Each structure stands twice: as structure tokens, then as C-alpha cells.
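Dropping the structures in below, format is C-alpha cells.
You will see two complexes here that share chain A, one where it goes with chain B and one where it goes with chain C.
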Partner chain A sequence: MTDGPARVPGQRAAAIWGVLATVLVVVSSIGVFLVAPEDADQGIIQRIFYFHVAIAIASLVAFAVACVAGILQLRTRDERWDDVGEASIRIGLLFSVLVVITGSIWAKASWGTWWVWTDPRLVTYLIVVLIYAAYFVLRSSVEDDRRMRYSAIYAIAGFASVPLSFYSVRVAESFVHPVVFTSSGANMPGSMLWWFVVSQAAMICLFVALLELDLLGRRSERALRRLAMRLESA
Partner chain B sequence: MSGGAQYVVAAYAVIWFLVLAYVVMLGARTARVGRQVEAMMRMLDRRDAERSDSETAEDRT
Partner chain C sequence: MRRRQLMALVRKDLRLELRTRETIVAMVLFAIVMLVILQFGFGTRDDDLTRFVGGLMWVTLAFTAVLGVGRSYVAEREQHVLDGLLASPVPRTVMLGAKAIAIFLYMTAVEVVVIPLVGVFFVKGSYWDAIGWIAIAALLANACIALSGTLFSGLALFTRARDLILPVLFLPALVPVVVAGAGATHAVVGGSPDMSEWRGYCLFLLAYAILFALVSIATYDAVFDD
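After this line comes the complex of A and B, so read on.
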């Protein structure tokens, strides 16, 4: 009999991050719904803020990781960095879609409309989403080594749109989207800020867990392809 | 349910549904790779068994 399947590198890391993300998501959900004080101005609707903003920041972190992976891919030509870049952008895009949907729901509840085209934060964030969606169009249009190179360059160039979205709301003179975090600190009480920090940690852990799980699948597929080739040639 | 609560429930339902769907998608890929590894292991076992049978037959002759 042959031995059992070999352990693929990263299984333990994926499991640890998965458990950590699950625990933090459960704790933050309990905190957001049962412990955090209700906002005097917006009431219960404000509870969307905790995950909406945390996911938005996590999506920008995902795009930053893809940018760094792109730089490392160009320097080393290692396909593993291409995997990290693609997986990060895929997760970042999932998070971005969640930000747009939850933001629209919050806008409908708070402003009475699903979308405001004149708001710089909303429009620039949508541009960021479209730029990163185009990344997958690029990937599917070229192959092999060129795909890795072009994808890395696009991930680096695409990251330029992130500060544009982040600072748009700060430099624009008229807007409806609120700014909670300013240079003078957070515009919220400490009890709300605490649960926001827990939610943010949960979303970052969720990103890392999804990234590890995605990379684990890619490594397994690659190992399987190599094994199949060896079997065919034997 | 109050007017505000239904929006909060909708927002969190969308988040958990899409994240769960993504995890299920990744899990399905991992399960497919696992099935392919098992099939390959069975193929290897069969090949090893055939080799040992033929070696035994050669020893007898």
C-alpha cells in the first residue's frame, strides 16, 4: 500500500487563521448587536457601520497585499507571488462588493436613496472596484509568463486608485458620506470605537484566513498536476 | 421589526451569505482536489500490485 496523501504546506496556517477569524467574527457580532451603545442620531441603522467600514479597510489591505505581491513577483519571477496577488485581489473584490451593497443599504435607510452620484467617496470607491474587476479581464486575455508579468504590473498600477478613494472624501468640499476617522482622532465614543477595533481585527483575520485557504487550494492543485505528470511519464 | 432593523438585518445577511458562498466555493475546490488525489492513490496501488504480481510470476518461471 502507498502512504496517505502528503500534507500540503499551509494547512496548519489556514486552520489557525480560520479558527481565529471565526472566533473574532462571533465575538464582534455579539459586541456589535448586544453590547455596543446605540447611536443617538441614527439609532440601530448605525450598527451597519462596524462591519461596513471594517470590510472597506480590509479590502484596501487586500489590494495593498496584491501590490506588494506584484512587486515581489516582478523581482523574483516566482509564480507563488502571482498566486498571492490574484487571491488577494479576488478577496479584495469580494469585500468591495460587500462594501458597495452594505453602503447602499445604509444610504437607503439613512439618506432615502440607494446611491448618490455626486458623492466623491461613493464614486471613487466604485472606480476602484471596476479597476480591480478589470484585473480578471486582463488575466484571462493573456497566458503563462506574460499573464504573471502583466498582472503584477496591473496590481501595482491599480493600487494608485486606493489613495484616490481614501482621500477623496477629505479633499472634497461638499459630500454626504460622513468622515469618522480624521487626523484629530475618531468621531465616536470609546465604547463604539472598541467594538469597531474588534470588528476590524475580525475582518483582517477573515481576509488572511480566506487568503490561506485559497493559496492552499492552489498549492494542492499544483502538487496534483505535478504528481499526474510524474505518473504519466513513469 | 422596525424600519431601521430590517436594513441592518439585510446588510448583515448579505455579508454572511456572500462570505459563506465564497468559503463553500473554496471548500468545493479543496474537496475536488482531495477526490483526485484519492483516485491517483488508488491508481498507484493498482500499479504496484500489478508490478508485484508480474515479478512473482517471473520468479516462478
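After this line comes the complex of A and C, so read on.
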């Protein structure tokens, strides 16, 4: 009997999401920089919004996925949900840092300063970064089953803190941040909205692709470890 | 039955504290030292710090809360009380409730000293008329601190470097409480109280407490599920 090349489950899904994310990121970059109309007030710097807002929403999706994975981990005690939770928070945290950086660049261009404490969204994201950075400190200080349980609990509590942080900062400060989405709809023309939707789809696909790749890496590592154990015992 | 268990556990914490007087005395002293450090940290010779009074008060209370919450499980851990509690048929939610009540009472005891002292130290104008409204906001904030603090101190209990882990976990979650507590204080201090703003901050604190009560009740079983 001849074995084909060893396959780890999820390779095909990771490849599909990777290709989709790459195509969408390229298309959205071309659209945002070459096709979308320039904002009359803010000029070229407004184009950062297509990535800034899209990454912000994608990071919230990542934290929501981690919260759901946390709930499922506590219910099933399945190690795979811990993998999903950790990978989601890792990517969500990376996205949140990018939100703070792109927001800071936007603040410099719009208001002449790198940091504006009266901008509730920027401040909120800084708090979100601190909340989720603590997740990794917690993980590194406990082991095995306790690590999985505590990480799951913190992912749930962290996600509960996100809307509270958003709301508390909004109650406290006046709005200087441009409000894009209001209760009466999107505050931008149709052509801009179209490219925003493409950017948003690209960022969500990028999150899924990174998540699939991360999970694939973990599965491959486990498969390799099992193989090494079998070879040692043979 | 559960109420009796709850009251027994609360009594246990309070009796231990009344006998040793370790936690509350340390918390009050710490809070006073914080207020003095903050005054010097501001580097001002101006006696009237009404503009900063909310921040001074709530930063002090937040750090004092970290200290108190960190001490709250010391007896359980060091004297193996936790082993007995976990072996007994006491539901985890009762343990959560008892510890939250104890932390709530510790914080209230600290605020009985800190809130008037902030007025004496930093405010030269109108403060004492507003002290009742500040106290109501403080009680709501205590509920938030007690519920989130119980959950996070439970998580930090079995970690390596737990004294370091607790502030890292707990303080970011306390930011909304500090924002709302300081906001509620500023709304009523300084002469012309804005009651609708005060009410908004208090409702926010109530929402925070309810949300963290739900999260804690839903997850506390898993904290001690060994």
C-alpha cells in the first residue's frame, strides 16, 4: 500500500479563503486608490477610511467569533474551540492595533495631531487593545485545561467589555470623529459605499483566511508531533 | 438554603476582616496615600482642584479596588479554605455572590473615608451638597467593581505571578467604571449640577453591573471546575 502525500484537514479551505482574500484585497486596493471618488472636504487622506473602518468591523467580528468559541469551549471542553478562540483574538488584536495606527494617521491629517482624546472611537480601540492584550498575559501564566477554561472565560468577559468601553467613552466625550453610519443609513455617496463594501468583504475574508491558516498550522504541528511519537515508539 | 449559605460565607469574610483588620485598613491607607501622591503629581500649588476632582477620586478608587480585590481570596488560598468550600455542596454562584458582597462592603468602607476627604483636600467650592449623589454613583460603581473583580480575581487566583496578572486583567475592564464614576462626579460637583448627565452615567453603571453579573454567573462554574 502506498500513501499519498499526507494531508491535514482544512488545507483546501485555507487555500480557497487565502485566494479569495488576496483577490479581494487587490481589487479593493485598486478601487480605493484609483477608482473611488475623492472626498471634497478631506481629500486623499479620506481614502484611509476604507481600510480603517473595514478593519475595525473585522476586528469586532474576530472578537465575537472568539466569544462564541469561548462559550462552545466551556460547553464541550473541546481543544479545537480553544484554538479558534486564541487565533481569533490574535488576529482581532492585530486588526485593532491597525485601527489605532490608521486612526492616528487620519487624526494627524485631519486635526494636526497624532492623538485626540476627544475622539471616542480611537480611545475605545486603545482600551480594546489593552483588554485583549491581557488575554495573552493570562494564557501564558496558566497551563493545560485551566488555560483553555480561563481563556474562554476571559474571551467572553472581554467581549462584554467592548460595548461598555464604546458606550462609556461616547457618553464622556463630544464627537469629533466623522460619523459614517447613522441610524438613517450610510453617510456617503453610492460609489464610495460600493468600494467600502468591497473593502469590508476583503477584510472579513482576510480574517477568515488568517484564521484558517492559523488553525491549519496548529493541526499540522499536532500531526507532526503524533508522527514523531509513532516513529520514536517504532 | 442558598440564602443561608450566602450569608454564612459573607459572615465568614467579614468576621475574618474584623478580626485581622488587614484588608480595609490597608485599602484606606493606600487610598489616602494615592490622593496625596496625585496632588503632588499634578504639580500645582492651587488648592482648588474641582476641575480634576472626579479623576482624582476615581483613579484612587480604581487602584484601591485592585488592591482589595487582590486580597479578597488570600484566606481561601493560603489557609486552604477554598478546598473545603469546593468540596462542600455550596453552588459556585453562591460563592460568587458572597465574594462580590464582601468586596462591595470593603469598597463602601473605603469610600466612607475617601469621598469626604476628596472634598476636604481638593474642592474649595460647592461639594457637600452633591455628596449624596456622588455616594449613589459610588454604590453603583461598587457593584460593578465587586462583580467584575470577583470574576477576574478568581481567574488570577491560580496563575503564576497572580499579583501582576490581576491588575493587567482587571484595570482595562475598570476603565468604563472610572469614566462613568468621574463623569457622574463632575456632573454634580462645582455649583450647577447636571442631573440628566448624572442619571446617564448612573444608568450606564447599572448596565455594566447587570452585564457583568450575567457574565459572571454564566462562567463562574468554570473558574473552579478542577
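The rule we apply is simple: the second predicted complex is superposed on the first by the 219 of 234 C-alpha atoms of A that agree within 3 Å, B and C clash if a C-alpha of one lies under 4 Å from a C-alpha of the other, contacts with A are read in each partner's own complex, and residues count from 1 in each chain.
Here, contacts are C-beta pairs under 8 Å (C-beta built on N, C-alpha and C of every residue); 3 or more make two chains touch, one makes a residue touch a chain.
Remember, it's a predicted structure, so these values are computed and weren't measured experimentally.
Colleague: Give one of first, second, both or neither to describe whether A:55 is in contact with chain B, with chain C, with both, or with none.
Modeller: After superposition on chain A, A:55 lies in contact with chain B alone.
Colleague: A:45 in the overlay: touching chain B, chain C, both, or neither? Say first, second, both or neither.
Modeller: first
Colleague: With both structures fitted on chain A, tell me whether chain B or chain C touches more of chain A's residues.
Modeller: Touching more of chain A: B.
Colleague: Per the contact definition in the header, classify A:130: touching chain B only (first), chain C only (second), both, or neither.
Modeller: second
Colleague: Would you sort A:138 into first (chain B), second (chain C), both or neither based on which partner it touches?
Modeller: Touch status of A:138: second partner only.
Colleague: Please indicate which partner A:102 is in contact with in the superposed arrangement: first for chain B, second for chain C, both, or neither.
Modeller: first
Colleague: Okay, in this complex, where on chain B does chain A touch?
Modeller: So the residues of chain B in touch with chain A come to 2-5, 7-8, 10-12, 14-15, 18-19, 22-23, 26, 29-30, 33-34, 36-38, 40-41, 43-45, 48.
Colleague: Help me check something: in the complex, which residues belonging to chain C touch chain A?
Modeller: Touch list, chain C to chain A: 148, 151-152, 155, 158-162, 165, 168-169, 172-173, 175-176, 179-180, 183, 200-201, 204, 207-208, 211-212, 215, 218-219, 222-223, 225-226.
Colleague: Any idea which chain A residues touch chain C in the complex?
Modeller: Interface residues on the chain A side: 74, 127, 130-131, 134, 137-138, 141-142, 146, 149-150, 152-154, 156-157, 160-161, 164-165, 167-169, 171-172.
Colleague: Taking the complex as given, what residues does chain A use to touch chain B?
Modeller: On the chain A side, the touching residues are 1-2, 4-5, 29, 42-45, 47-48, 51-52, 55, 91, 94, 97-98, 101-102, 105-106, 108-109, 206, 210, 213-214, 216-217, 220-221, 224, 227-228, 231.
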